[in-house]
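For reference, the structures are reproduced in the following blocks.
Two complexes, one shared chain (chain A), two partners (chain B, chain C).
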Partner chain A sequence: MAAKRIPIARFLALYGIYAKMDLMWFLRDFKYAVLGILGDAVSNLTAVAGIFLLAWRFDGVGGMTRYEVLFMLGYSTLITGVFQTFFASNNTGHISRRIGRGQIDHMLIQPLPLPVQLLAEGFIPFTGSSNLVTGSLILAAAVHFMEIALPWWWIFSLIGNVAVTMLIILSESYLYSSVAFYAPAAAEEIAYYVIDLRSPLSQYPLSGMPLQLQIPLITAVPAGLLAWFPTMALLGKPPLSLTSFFPVLVAVLFFLLAQFTFRKGMMHYVKTGSSRYLTQGYRR
Partner chain B sequence: MSKQVQADTLLRDTAVNVQRDVAVNVQRDIAVNVQSDIAVNVRNITKNYEQWQRSSDRRDLFRNLIKPEKRIITALDDVSFQVEKGEFVAYAGANGAGKSTTMKILAGMLYPTSGSVSVLGLSPQTDRIPLMRRLGVMFGNRTELWWDQPVIQSFEWKRVIWDIPDDRYRKTLDTVCELLDIKDLLHTFVRELSLGQRMKADLALLLLHEPELILLDEPTIGLDVLAKRQMIGFLKDLNREKQTTILVTSHDMDDLEEMARRIILVSKGHIAYDGSFGDLRTAAGCMCRIAVTIEADFVPAELESAGVMEELGRADAESAGVALGRPDAESVGVALGRPDAESVVNGSDGRSVLAANGSAAPAVANNCAAHPADHRSAPVIPNASLISGSRGVFEYEFDQQATPITSILSSISGIPGVKDVEIKKAPIEEVITGLYLKWKGIE
Partner chain C sequence: MIAKYLKTASMAAHNKTYAGIMALLPGAFLRVVCLIPLLMLWRTLMAGGTETGMTLSQMLTYTYISAILSDLLVVESPLTNWYYDGALIGIYQRPISLYGHVIAQTLGGAVPGLLVFSLPMLLVAPLLKVSIVPATLWFFPSLVLSISLGFAIEFLFACLFIRMVNAMWIAYTLRRAALSLLAGNVIPFAVLPWGIGNVLSLLPFGSLGGAALAVYSGTASPLQILPVQLLWNLILWPVTILIFRKSQERMVSHGG
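The block that comes next holds the complex of A and B.
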């Protein structure tokens, strides 16, 4: 099951077909699709608005200015948007659902390495990008209000940070989802708890918190690395006297751990099979 | 086949030597086959599953937590078989026999506990990607179509994922659309298709990359008669015209017999039979069926001699029972005051239905006697058992090995009033059911 080298053109073709399918879905019922997208954006904005209002009322939180908090919330929304655009569809991000429902079988009969399938199948640029746009706008507004001059390469730094954050989220999801190989019924929804239910925690500014809280939240349960740490690093103030590259280290560790457990789980899956095949939730 | 044990079980059951010959033939065939002609080569595969056992007893609470009991279920036990390229093979068995497990192992979805599998010369475990370019897999209870998309979109998806060149894709698409008659469905959403339409679309999707080998697990499940006929016809054409190797499982034995030329019968993880359907019938007892139709206006000699019709002046009487004022009479025998029906049967040797058919016959004879509105009764055919009959059509079963067909036909030729004779094979469903019951009884 080792990933074989896939030419970039092939990747683009895969992304292309999934983008086309997403567009077809979007156009099938345009009104409902637009309503759904707007609803998604509004709900995410509502979720971050509470923290911003607190920051506004108290002129910042834990040493972060109100616009730094806004920047952090923009970054968090952007991360949600990237996840939804690239990994939300077909449960490629919430992989425990596919494992628990025995739907990995569908992937095993495709002539593509599993990682390639997982990277491509979740791509929904038309229906999944509302938070990507919203997050980018909030981020741009925060930068504008902070009145800071950012160098040209800063955008690459932002992209790099987003990539590292995504790697942490997916690694965590795949790490915990590996339990579903062994307990498909009990752990079917574990990825949802790891990703979605922890999202509010990642939107909270950790500046000014006791070290005993900050350290676990940037290591074992790295919610602090999903918005707070990258925000501070991007603004040139990496917290706890750590290097800006600290999230990379954590991401690599989680990735290696996830890769090991997922491979082990896959071996278990092909040895034991799945007696829990459900058509619901996949391609529906 | 390196193992003969399973075939021997059946030999013991049926007490015929035919299957031994078949098994030997299969071995000999395999020996002379060159490797390149083999599409599927399964050697000594065993597949064990673990089942956790839990008791609800309070005393077992800690044991369940600390060291729960596990039971090993052997789904496949040292199974070996080969399928040559271009063959159409039925893989059959009762529920839990190991059919789907085998299909999943061949498709690389499941690894065997031991043994080796080669599909188109590739290992499903280590060569999954190149194998999937040449293999087609379809499970009747699953779909590879995209539910919320028009059918054509799933086909486009397949083109990209399988990297099928455009011209080849167009050509294959045109062919499968025409053969499966799905042109009108291409722009319909998959969720709006009927089951039969969906299965056809799924089959078309499967064929777009022109697989050399197709694995079909219950492809006709849930289909109505028409859809089933179309599916079977298409698969037969595909095998015949394109020489596509097909391995198919189904619960419907009649479907399998219509499709495949060879059947591999699995029972409790063992291969119990591997050969042709004809030889399977032979092995199971060579039972044949013959249907005899008696002319509608035929009056049994006994009734004529008794003068029943003339006496009543009712030559067109619908039945002797009615004629005798016994409209509830189930048989002419009863009507004549002869409940054992011995006097009215037309056996050439003068024997009754009861005598000919043994202990099971009374009920059959009662059911198969002439309809209240019909004076025709079941004729007796020596060495043949009456199994059904109504409105002058009587069906008998006989062992072709013990009684030659010529002997049966000779007996029938002596029966007056015979209008038509039809020789049939015993339904394969019944043959296999009989075998399952035998195996169950032994094991």
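The block that comes next holds the complex of A and C.
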């Protein structure tokens, strides 16, 4: 509610401030910043290389061609890149860490609504965008090798799919992270489990797998909506005879659920605070 | 002599459960959630009949054992975290060897995961139609060599962390990336195209999880695997001790 009172110009100004701080780190600590950028890119490329090598060896997976699998891995890398660019810094994506470490207290005394801080604080366009660039290049290469002609509006479809995928990831993270309001020590890393440890699962091409597996992976544990489903939809063949808009439905449901649980957790937090809070913002 | 290491391992195991056994269940559940689709993926891939040098049964065994023994096949010690947060200074003050402490702490810390995840998964393996019988008992010495080499590589990475001072996260990311593909514990070397696996299996990382799993599943002869593992242990441990001794003098930590 409060976020609506912040004009768009203020939002952009905040993004500008965080971009400037990121650039300052990049320039001040150039060697480590470059190493960080390369490290992120290499890390993600290694992760997707395994699946692509398999797709190459087996000449595709479950009806998906080698280059369709490459497209899917490019989409997955792009999603990682968007997440890192907008939500990696200050753990705004891994929100259970902020909650579990008692750092929400810091946010509550800032002269900005919490949602605005959460949307702006994670922005690191210079040091966090390596996978965004790498993913875009992999996507472009896959489209090139598939030799398909894409209509002009396809890029908007891609942007829309990326936005929906991000909404699913963040909603899941905030949904499960709400547990950290009640169990800060035990649940401090729950967002890491939800986002990072499950990440390999989202890189599996689910085509050709049994329906009993596909259904849970596009609903209850929606790893299949993070790369596989959007890939098939963007290539004009949404799976399981579903509409291309199916991920929107799941995203909205997860968002509503996350909003409800997070608000409830916050209500608990403002009454009890965090037993792990230390003045320097670190945890016991 | 051994009692203090066993006590350290026991304390590490208890430490993992300080938030309650229930806190371990989400992690175990997530590992199951990741394992089942991977088994399905192999079934889908192998159904095409592509010649890989591995049968479907061997592939499923390889994947399953890789998941349930993941903490041992590619060991990840708390050493670098201790360095990062300054806790390492406390370890030096204890009447126990640093190497022994790291090994005992890591292996002890793996026990709760083995009990909560690995043991139940071993019991349900027949329901998933996965054979868990090792092809040869040479797997066990191979596993020991794999764990031993894993610790040598851990200490070498710690030296890299010390060199990189405040860029620990970068080194950590690179370490995970290198091990995820080069250790062969997720994708068997045998199924990689263009003979990549033949090259990787000869590298030090190739003597970690992938080597032990190849012996377990019977896709490689122990005579072929164990000498390479032994050789890398003999090469890397003296190098590790030498480099770590020098690196200790460079330790700087702002934590603690």
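We adopt the following convention: the second predicted complex is superposed on the first by the 273 of 284 C-alpha atoms of A that agree within 3 Å, B and C clash if a C-alpha of one lies under 4 Å from a C-alpha of the other, contacts with A are read in each partner's own complex, and residues count from 1 in each chain.
Just so it is clear, contacts are C-beta pairs under 8 Å (C-beta built on N, C-alpha and C of every residue); 3 or more make two chains touch, one makes a residue touch a chain.
Keep in mind that what you see is a predicted model, and the values were worked out from it rather than measured.
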For this session: Report clash or fit for the pair chain B and chain C bound to chain A in the combined superposed model.
Result: fit
Problem set entry | Partner chain in contact with A:M21 - chain B first, chain C second, else both or neither | first
Exercise. Once the shared chain is lined up, is A:W56 touching chain B (first), chain C (second), both, or neither of them?
Worked result: second
For this session: Considering only the touch criterion stated at the top, classify A:F245 as touching first (chain B), second (chain C), both, or neither.
Result: neither
Exercise. After lining up the shared chain so the two structures overlap, which partner does A:Y193 touch, if you call chain B first and chain C second: first, second, both or neither?
Worked result: second
For this session: Figure out whether A:F156 sits in contact with chain B (first) or chain C (second), or with both, or with neither.
Result: neither
Exercise. Touching A:Q110, do we find chain B (first), chain C (second), both, or neither?
Worked result: first
Seminar exercise, completed: Across chain A, the partner (chain B or chain C) reaching more residues is C
For this session: Determine, under the contact definition given at the top, whether A:Y204 touches first (chain B), second (chain C), both, or neither.
Result: second
Exercise. Angle at chain A, chain B to chain C, CA centres, as a multiple of 10°?
Worked result: 90
For this session: Considering only C-alpha atoms, give the closest distance between chain B and chain C in the superposition, rounded to the nearest Å.
Result: 9
Exercise. Which of the residues in chain C come into contact with chain A in the complex?
Worked result: 19-20, 23, 26-27, 30, 33-34, 36-38, 40-41, 44-45, 47-48, 50, 52, 164, 166-167, 169-171, 173-174, 176-178, 180-181, 186-187, 191-193, 196
Problem set entry | Complex interface listing, chain B residues touching chain A | 49-50, 101, 104, 107-111, 113, 125, 128-130, 132-133, 135, 137, 141-150, 153, 156-157, 160-163, 189, 191
Exercise. In their shared complex, at which residues does chain A touch chain B?
Worked result: 1, 4, 10, 13-14, 16-17, 20-21, 24-25, 28, 105-106, 108-113, 270-273, 277, 279, 283-284
Exercise. Which of the residues in chain A come into contact with chain C in the complex?
Worked result: 32, 35-36, 39-40, 42-47, 49-50, 53-54, 56-59, 61-62, 183, 185-187, 190, 193, 197-198, 200-201, 204-206, 208-210, 213, 217, 221, 223
